[in-house]
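The following pair of complexes shares a single chain, chain A, combined with chain B in the former and chain C in the latter.
And then the complex of A and B:
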């Protein structure tokens, strides 16, 4: 086994910050309190789409205890933010475009006063027609949400001759699919504190996924020197993509600057769910051609993404959906036509999977339909077209990095539920409870893609006591990258892991390592930490060779010490640190790593293609109550290729958590917005899986597939592990009942009516 | 808002406070006493992040108003165990990998503490029942269930 030679890599290492968390010692940003701190509140739009005619804050300002009220007039720089296009106003000036749009904000001595002040702000609106259907929004005469029109992005890819494929096909499947508006619901809502310190630095302590980018976006809004903005973004109580983009930060910062005091904002769950980022709902029309032997001949897909009111990462999400629209399959005749369209349906941005969960639901349902129509085992059918190293992906780039499609399919074939599926599906406790097993396959690009700066950075320094600190800008919001970095440094330096201190997510202290997104945290930051460790070892070798007057080649690293293999002289890291200190300063090394990219660029599709991919195959064993349409997931399994596993326990945790988040996506989660108004902004009406909903067992099957470019040959798994769960479940629902699900979440009513339709068609054998 | 005077014991320490009557126990713990291990995930009794032991029972502290706190005895995650002297339940959560972002963890630790004090050897079903008021978005719960099983072994040999 590859990992047997390692002390830390591949082992189950408990999270380095877990005990601080389990004892309540660690302070999240929303736990911070500062002396003399004010409390901020934000006034949101009254209508989902309206002109602002007048804003009058005088009464609010006059309220005792109110220190500051701000509106668009108080934004000194660009009144807009957004990772790609800064089109979301910090505070709206003449128009609101969704019900969570911010119009004004208050800082007051207490939360109650701030709340009261909001009610005293007068805003006159002229309501505009609400645009809530993306396809209607695309029409020429639709009311415009942004002046440039409602189509934010159109990406079209053509390869081969898809019409010819349909002519030659033995089987054509044509269906329309819908996916829901999933809310990340990190347990910690948006919250934190901001203040200007004595040195004139603006400090913003708000959990996020990329402190250095927050710093730049804030500088642009505030007209403030970015070097004087410190963003601290770790620890975070969950993110999943939601905290990649800014949320409350610019308002919080403005309040603190204007009030000249520290300000704290913590959103209620309702406000968080109404006001901030979601997963984009998609409508997808697919037409897919197969040969009788299972060959995938052609795919024609039309994708419409409900962008919501502002851009954020909606363009890249569409492009990733286009790239992943055909699944990890070899197919040479392709037409994928995608649109990202503005509506007044809230706002959507990055979310674990980033466009892949939507298209995976469509293509994996089609693979299931095809396997039944062609009478080919679903795993065999997928294997027939599974991408291999050297193949061209559906958008035409040659896969030259590690490809695990076949490995994960072989892995999932050996899972408990797949091996025993014939017996399992027969188990019946009540005549109306039907059981079934489904499978689905997916892949997910690691990293940001062609044309987007994509690098990892790490600073490694020796401390006075001989321990080391590694400082990386990415953020641990639960995935466990901090622990992985500690493992990587401990392994490379050959030191006990307790001797590695990890500092994350601080724009003043840590190296810029790009965003903590796109399953890239371990891959990029880990590689940078490894490079920094190699440099550090070289520095230590030089030092020790001088110390022992020996050749550098004779210097070797023991566990926690360095020695001269000729004389046997050794020196501990502690002694070495003392020695460095006496002669000047302790060593510090930086590691930077540029993520390799594909050799080609896809025209008119920014960021495509990706170059490195993780792969996973998922199965689900379900029981469907045919009287009510309720679905329980009894067991799950995932076979995952994330390269060499760095932390076995962390790997399992990601798989289990990802599977369960995928269950929510497949079965219950959809933020309902009607006429621009959110209908279910709390945990009693927006249902995420609870401990009672999860299966007894989620089998984790890592496949061994080293990725040569990664740190210790690792890739990233954070997204793929959730992506194919929903289609595995809906395919299992079909297996159990003969009811085909074309719309997720497959709530009881969706499943119930699908069962009724299947019964009326009587075509289930 | 009307103020009330309250006397209560928290983690073995006595407190006398005057607070607005509509303040919740959660706010008292976090903002007045300054212990931030108890979290707010919803403020409405829906997520369990704010769970504490209140007069011997596990409750959502976001639902308890100040007047009720008078005369009560409260135990928070910090009172169960500390970083230097962790409780076996907290150790089990760490060892089993049941902590990811960790924001739900204090609530789960307190609910597990209550469960194991009532039922030292819970079955898997009883664990699920006992923790059903706590939401976690990261772990998928499997490792949390394993942690409670392990804690039960640690505590009862």
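And then the complex of A and C:
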């Protein structure tokens, strides 16, 4: 096996920050406190859609203990942010577009005073009609949320002749699907501190997935030299896409600048849930054509994305959904028509899976229906059309990088659940408890796609004691990339992993390595660290060849030392560091890596296609209580192609965490918004899986499928591991009960009524 | 959160005195697991809190022969760990075990669960079928109130402004009695009931016959309710088939008036209140009505 030759790659390496995290010693951005610090609070909109007629802050300003009150008037630069279109106001001026919109903010000596001051700010509104149904919002005469209209993006892809496919089909499946508005629920809500230091630099310590982009977005809002803005984002208590975009940062920065003091903001869970990012709900109508032998002839899909009030990454999310709408299958007759539509339903942005979980639910449910109607084993059916290397994807690009569809399907076939499914589904402890097994396949584009600058960067420097520091701009928000980078450097430099110090997510100290998103952290930052290590080794070779007066080719690397293989002379890294120091300066090398992209561009679909994909097959074993609709996930399994695995235990943790997040998406999680108002903004009503809901076993099956372009042939798995869990579970519910789920989350109520409907259809038949 | 005055009496007499002096502007707090949440949300009008958690006289479990007395500030964990509870009132044990999380059960009290008067309170259906009584005290009087008469509506009880709930009394289950507690939440752990219910049956000398039946349901009406029609049916019919059990459980329909809220719809609550009674009875039937 390829991994056997490695000391660190592919091993289970404990996280470098595990002890600090387990003991609670580590300080997250929200834990930071500074002397003489103020507390900030944000006044949110009173209506989900309204004109602002007047804002009067005088009473709040007069309250003792209030240091600063800010409104739109205090935004010196562009009063807007957003990764693609900066249309979300820092502080609203004329209009509010959702119930979490920020209108004013206060910095005061205590949180209580700041809270009180908010209640003294007077805002007059003229309420506008609420737009809460995306399809209604698309109509010509719908009230406009933004002046340009409510359709943020329309992406349509046509290939082949889908009408002909339907004429030639033996089986046509036509269904409509709905998916929920999932909250990322990171343990750490939006929070942190900001201050201007003695050198006039603005320091912003707030959890982020891309400090260098925050730096630029903040510079634009503040009219401030980006070089004078330091964004620090390590460690972060979870992100999952939520912290890709800005949230409180511009307000926090404005308060600190105006107050000339450090300011801290920490959001309560309720405020976080009401005010910030979510996964976009989708309505999807699919019509899919099959031949009797299982051949996938054609897909016609109509996707409507509930964008919420502002753009952020909703356009790219739609495009990724369009790209992944047909699943990892060969299909030559395709029509995918997608719309991203503004509504007053909160705001949505990046979230693990980025459009893929929505369409995976639809297409994988259809594959399950087809396998039953055609009487073909669900894995065989998927294999029949599964993309292979060299195939064209549904949107027409040729797959030239590693493709793992067959490997993951073979892998999942060998899982405990699938192997024993016939026996497992028969187990019945009570007449009303039904068991079933379901499977689903998916893939996930890694990296940012065509036309978007996509690169990794790393700085590697030798320290005085002979250890090394690697500095990468991507962020460790729990997924463990810091440990992966340490493994990659330790492996490349042939040194103990304890000798690698990792610095992440600091716009002043670390190399820009792009956003920590799109399953790209290990792939890009890791590759850059590897390139920097190779450069470092070259520098060390030169040095040692001079030292031992030998040819560079004779210099080799032992574990923690460098030696001349002719004379046998050796020098430790510590001695080498001393030597460098005496002669002037310790070596520092930079590694940069441009992510390869596809050779073609899909017209009118920015970012498409992706070039590198991770693949996974998911299976779930469930028990359904037909009297109540309660679903217990008894066991799960995932076979995952992430290239060569860098950290085995990190891989397992990602799979387990991804499966459970997928369970929440499939079974319980949906932020309910009625007339623009959030009905379930806390953990008593917004239901995430508890440890009692998690299956006792989630089997992790890595498949070995080297990706030649990645560091040690690795690629990212962070998203794909959650994407197909929901359809695996809903397909298992069908297997158990005969009730088909078309809308997630499949809450007990949804499942219960689906069973009732299935029973009445059966009686009718 | 607003500023509040906090009182920490050591004796019940002192507590009753303070409460009497502040009646109308004071709330009693024990574990605080519900009250503090509501305080934070600005839903508590009183600005004084009387903390009764340090009064020894309000704590503990007493074996009173055929009855068990539980002091109001006994925590859920203390109740679960008491040997008498699991053996003599397994219905209550199962109900309390299903409440929230270990951390909350460590601090939340049975008096709080009752006085809070949530229609979804999990201990309440169990107390209903165990012939529960609520004991109250004020500086003027002591009262012993049948649990069914204690609740007036959501968050409304017959407690007077100067009264403290001091304890609960329940009847032990005899060897010829079986029963169950069942709840349906939105997930397994740390869930609030969408529907809950409890049943206790006293076996007759004839098989599949019952001389006494108690059935109660929660979260399907403004207060926890007794399902008397179902009880009558269980006492008059021979419970000899699943079909019979379904027929009888269907009578629950006549006794509930649920609403739709963020946790569940009216239709779901109505159907599932029937089905959990069916499920529990069917379970007992399939087990030959043996005490497991």
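By definition in this document, the second predicted complex is superposed on the first by the 762 of 765 C-alpha atoms of A that agree within 3 Å, B and C clash if a C-alpha of one lies under 4 Å from a C-alpha of the other, contacts with A are read in each partner's own complex, and residues count from 1 in each chain.
By our rule, contacts are C-beta pairs under 8 Å (C-beta built on N, C-alpha and C of every residue); 3 or more make two chains touch, one makes a residue touch a chain.
Small disclaimer: the values here were computed from a predicted structure and weren't measured.
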(request) Could you look at A:186 and tell me whether it touches chain B, chain C, both or neither (first, second, both, neither)? (result) first
(request) Based on the superposed arrangement, let me know which partner A:74 touches: chain B (first), chain C (second), both, or neither? (result) neither
(message) With both complexes superposed on chain A, which partner does A:214 reach: first (chain B), second (chain C), both or neither?
(response) neither
(request) Have a look at where A:679 lands relative to chain B and chain C in the superposition and call it first, second, both or neither. (result) second
(message) On the A-aligned overlay, A:632 touches which partner chain: chain B = first, chain C = second, or both, or neither?
(response) second
(request) Name the chain, either chain B or chain C, that contacts more residues of chain A. (result) B
(message) So in the superposed three-chain picture, is A:687 touching just chain B, just chain C, both, or none of them (first/second/both/neither)?
(response) second
(request) Pick one for A:653: touches chain B only (first), chain C only (second), both, or neither. (result) first
(message) I'd like to check the shared interface: which positions of chain A are touched by both chain B and chain C across the two complexes?
(response) 112, 684, 689-692
(message) Looking at the complex, which residues from chain B come into contact with chain A?
(response) 1, 30-31, 34-44, 46-47, 49, 76-78, 81-83, 86, 90-91, 93-95, 97, 99-106, 109, 124, 127-129, 131-132, 134-145
(request) Quick one: which bits of chain C touch chain A in the complex? Just the residue numbers, please. (result) 1, 37, 101, 184, 186-192, 194, 242, 262-265, 267-268, 271-272, 275-276, 278-279, 282-283, 286
(message) Looking at the complex, which residues from chain A come into contact with chain C?
(response) 112, 430-432, 625, 627-630, 632, 667-668, 672, 679-680, 684-685, 687, 689-693, 747-749, 752-753, 756
(request) Under the touch definition given earlier, write down the residues of chain A that touch chain B in their complex. (result) 12, 14-15, 17-28, 30-31, 33, 112, 184-189, 235-240, 266, 268-269, 477-480, 649-650, 652-653, 656-661, 682-684, 688-692, 694, 696-698
